[in-house]
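Have a look at this one before I ask anything.
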Amino acid sequence: MPFRHSFGILGGDKRQLFLAELLASDGYEVFVYGFPHIDFVHSSIRKVDLKTTLENCQDLILPLPVSTDGKNLKAIYADGPIPLDDHFAKECEGHRVYVGMKERLLKTSPFWENADVRDYNAQEEFAVRNAAITAESAVGIAISESPDVLYHSRCLVVGFGRIGKQLSLRLKAMGANVSVCARKEKDYAMIESLGMKPIPTAKIGEETSFDLIFNTVPAVLFDRRVLQQFANTIILIDLASSPGGVDLEAAKELGIHAVQALSLPAKIAPKAAGKVIQQTIYMMMGE
Amino acid sequence: MPFRHSFGILGGDKRQLFLAELLASDGYEVFVYGFPHIDFVHSSIRKVDLKTTLENCQDLILPLPVSTDGKNLKAIYADGPIPLDDHFAKECEGHRVYVGMKERLLKTSPFWENADVRDYNAQEEFAVRNAAITAESAVGIAISESPDVLYHSRCLVVGFGRIGKQLSLRLKAMGANVSVCARKEKDYAMIESLGMKPIPTAKIGEETSFDLIFNTVPAVLFDRRVLQQFANTIILIDLASSPGGVDLEAAKELGIHAVQALSLPAKIAPKAAGKVIQQTIYMMMGE
Amino acid sequence: MPFRHSFGILGGDKRQLFLAELLASDGYEVFVYGFPHIDFVHSSIRKVDLKTTLENCQDLILPLPVSTDGKNLKAIYADGPIPLDDHFAKECEGHRVYVGMKERLLKTSPFWENADVRDYNAQEEFAVRNAAITAESAVGIAISESPDVLYHSRCLVVGFGRIGKQLSLRLKAMGANVSVCARKEKDYAMIESLGMKPIPTAKIGEETSFDLIFNTVPAVLFDRRVLQQFANTIILIDLASSPGGVDLEAAKELGIHAVQALSLPAKIAPKAAGKVIQQTIYMMMGE
Amino acid sequence: MPFRHSFGILGGDKRQLFLAELLASDGYEVFVYGFPHIDFVHSSIRKVDLKTTLENCQDLILPLPVSTDGKNLKAIYADGPIPLDDHFAKECEGHRVYVGMKERLLKTSPFWENADVRDYNAQEEFAVRNAAITAESAVGIAISESPDVLYHSRCLVVGFGRIGKQLSLRLKAMGANVSVCARKEKDYAMIESLGMKPIPTAKIGEETSFDLIFNTVPAVLFDRRVLQQFANTIILIDLASSPGGVDLEAAKELGIHAVQALSLPAKIAPKAAGKVIQQTIYMMMGE
């Protein structure tokens, strides 16, 4: 068991394809399991079975989320389901396992306690970098969903957290007039200093002259009562994680175009998202 | 024949739908011909035949381009072809006709000489405003076509005309490192002053470390010899009008992802494009 | 004692001149004490003595800092010292007193406990707004102190707090290449996402290819050992509050041009700073 | 006479000090005449008399403007006047002479026809690069002259030429609301596309709600009649070359703060300005 300078990638989606290439570019040996039909660019990337991966790699990378059904590994390029069972967990004993949403993995078997399981998705740094990708992707969605242009448009960004901050700056950079809904007085001051207009979240729906609304808050702020305040020509892009911040049924009835924009890094910029997984794991290894 | 405060819209595409609404919003009476199945928002927009349009409107708006086959009016929402023949031209006698690509219209009949035909597409102002829409749309295309993100990416914009100027500024605003190919020494100075790197067009293909290339020059600069210099992971977005600036066959053989991005205002931002037609016609009326 | 819609301004500097005008513009009655020779624009501003001010105003505004020597009111336009003694404190009994650096005031007399003393300088919102002013002023100082231009220059901003954030964004907006020294990994991610280069504070002095350095950290990071690493052509602008972050003696010996830039809002933008005092007091009144 | 890899700098101001250092940094031998008391950083820079300079250098650099009185060389660091007479011109025979404002030099002697005199100031590229420096310097002046901040301020830039373009973009980058006076319809479209508000120059003085006005047009647009339209709290920065675009006497009488901001590159950023002279001469040598 050489156990050095190698990574095992177990399952995943498009992000893992890029992650494998990026790790190979950095000179690591890369073993992948769950990608039987993919033609990788780096010929050094080895498509193997679980056993071979574990024999050759101490560091294993599992996807984000590790599982969508709670039972099987997320592995969209695999031929069939890869069960996350006691067998899988036992095989991983003694390995360092980088995973997104650790708690879902731990529930699948008690034997995970014998592995060194670390959640890259729980790193603040990972969240910030993905917020940047999400913000740029949201700009792209706005450009393609709206029949109008962003510059001179009136945009409302709801929430001034990681995504709200980066999104509002990008919209402004593209020439939009940007208002931002936030809850804290100190955020109002920062929003104003950045050349945008602060609106207290409590007053949502009072000012309604917007062309585009981007929601980042994971609470149903846009219920029927609030939605009714807006013209039905607005475009509402909901970036909040499921179940989101918009009463979609009410939006539909009111004729409002609401776009549920989930998992943007994986969907719109999988290469960038793969790079962020790589950077975060490098950082976690260095700690 | 009241002939006042009314516009007749004859044929067109999605831009004309928005144009009709915008004119109606401004209080004009709007008669449209060639849109039998469209449900307009403003109930005042009247779907009529050619004769009724002409009886009610002195100012007629024809599409851009006025015809794609040289024989019939461009009218993608009409039930059948609307021939641009002597009859059509004679009917328009005495009217002011705003059209895109006037020369195509004049070729269809000698009787156009009896109408006051004006080309909005020939206005410099129209070109500048459409360049802004094209630039934003190109940013949107780059975001959705590239698996990576724009910020920190290395972009090359070929050409520093109307589109090149606005596109390079927007890419920079989105965080990209931008180089611009231009021919004139004074352009190099301006490019540098705006925080971008100038590259003489003659040296295209010498520096090749780019992630995205946007071509705006309507000449085949990207022939096989030049394309071969680049890694085949680049994404090449060709904004130059047909036949464009890229040897598409060579690109395909080399495995380079080339995107032909034509008529972006009509396709990506028809509302904004309709607004620009409106603004330009208003300006021409005021002259 | 009408006690309504009036403000008493007791002492201060240039900021209070603008504050008085701004309050008068908003329709308040304004009584000022400590400005005998000032010609105010609003004729309604009344120059009176302490007693008249207190008789007419429930809300009193004292300067920031309230005192520079711990004994007298800061009042640079007064004819002589205005002692902060028991008499002054007793006179203010029953009043609402807005002050900057409350703790300095409370030390001057035990009788302040009978007044409702509130510190606008302690409000987070006040700090954020002043940081924006400081950031812009620092850009102005850099332009005038450096014989070179900001665009294309290599700037290092030390610290990514309120001032560091706003300053680095403004320098980038002016075309500079910006690096930012910060301590937290999550800040590195945000700095990168904003198109700037993060440098761990611990590594200060390792990378030295900068033209301009802006320090915002109130600790002597730039001691002799660190200063020696840089070329003596750098310009070092120290924004950290006294005693600052630079060993000035060492800088002088090394021939490094170090600028102590303190109290920038009051010095460079007193009108904006007066507006921020006004906004903060309005906010405190509304709570 | 080796005549290679050497430059002779004859007279000048602060820009020439930096120019000499920059040329020396690039490995050229540099001979300077007219700087007897300057301590240059590069020890290789030789302070010599006119004769020695000419013996050693084929390429001579004269200042911009070459003369302020039409008789003597501009040489602010010289001990006495250096006459531009027949003797001087004859001595330069057979040399390549780079000069700013060639026509002033030619008037001083008929013997200049025997030298190869080239005007760097007449290069479009030189003008564009100096416009960038002027634009940044004007931002610096605005920050220090105004008691308020640029962000959220209402700025009017008069003229959309080289300086107007670069200045308006920088003001916007600093957070200002920018309007631009221009004459051409196509400029209006570009101004709008860049997120600024176009105003026809003919309508100057009609819209008056501005905090700062920057004039770049060398014609007295701001005469008494126009000045009277504005509040006397505006700050007017005149960047147009002498005699400028403002009736200064009227401004004074009206209590308007007007700043004549001439020769900003030489005054505010002499190093950057010296670099531009260097770049332009290099380019001219390569042609």
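Just so it is clear, A, B, C and D label the chains in written order, and each chain counts residues from 1 on its own.
Please note the rule applied: contacts are C-beta pairs under 8 Å (C-beta built on N, C-alpha and C of every residue); 3 or more make two chains touch, one makes a residue touch a chain.
These figures come from a predicted structure and were not determined experimentally.
Q: Copies subunit C and subunit D touch; is their interface built from the same residue numbers (over half shared) or different ones?
A: same
Q: From subunit A, which chain is the farthest off, judged by mean CA positions?
A: Following the centroid criterion, the farthest chain would be D.
Q: Counting in whole Å, what is the centre-to-centre distance of subunit C and subunit D, each centre being its mean C-alpha position?
A: It comes to 35 Å between the two C-alpha centres.
Q: Quick one: report the Å distance separating subunit A from subunit D, using the average Cα coordinate of each chain.
A: Spacing between the chain centres: roughly 51 Å.
Q: Hey, what residues on subunit D touch two or more of the other chains?
A: Those would be 132, 151, 192-194.
Q: Can you name the residues of subunit C that touch subunit B in the complex?
A: 151-152, 175, 192-195
Q: Under the stated contact criterion, what part of subunit A meets subunit B in this complex?
A: Those in contact with subunit B are residues 14, 18, 132-133, 136-137, 139-140, 143-144, 146-151, 170, 173-174, 268-272, 275.
Q: Considering the complex alone, what residue numbers of subunit A touch subunit C?
A: 123-126, 128-129, 131-132, 166, 169, 185-186, 188-190, 192-194, 283
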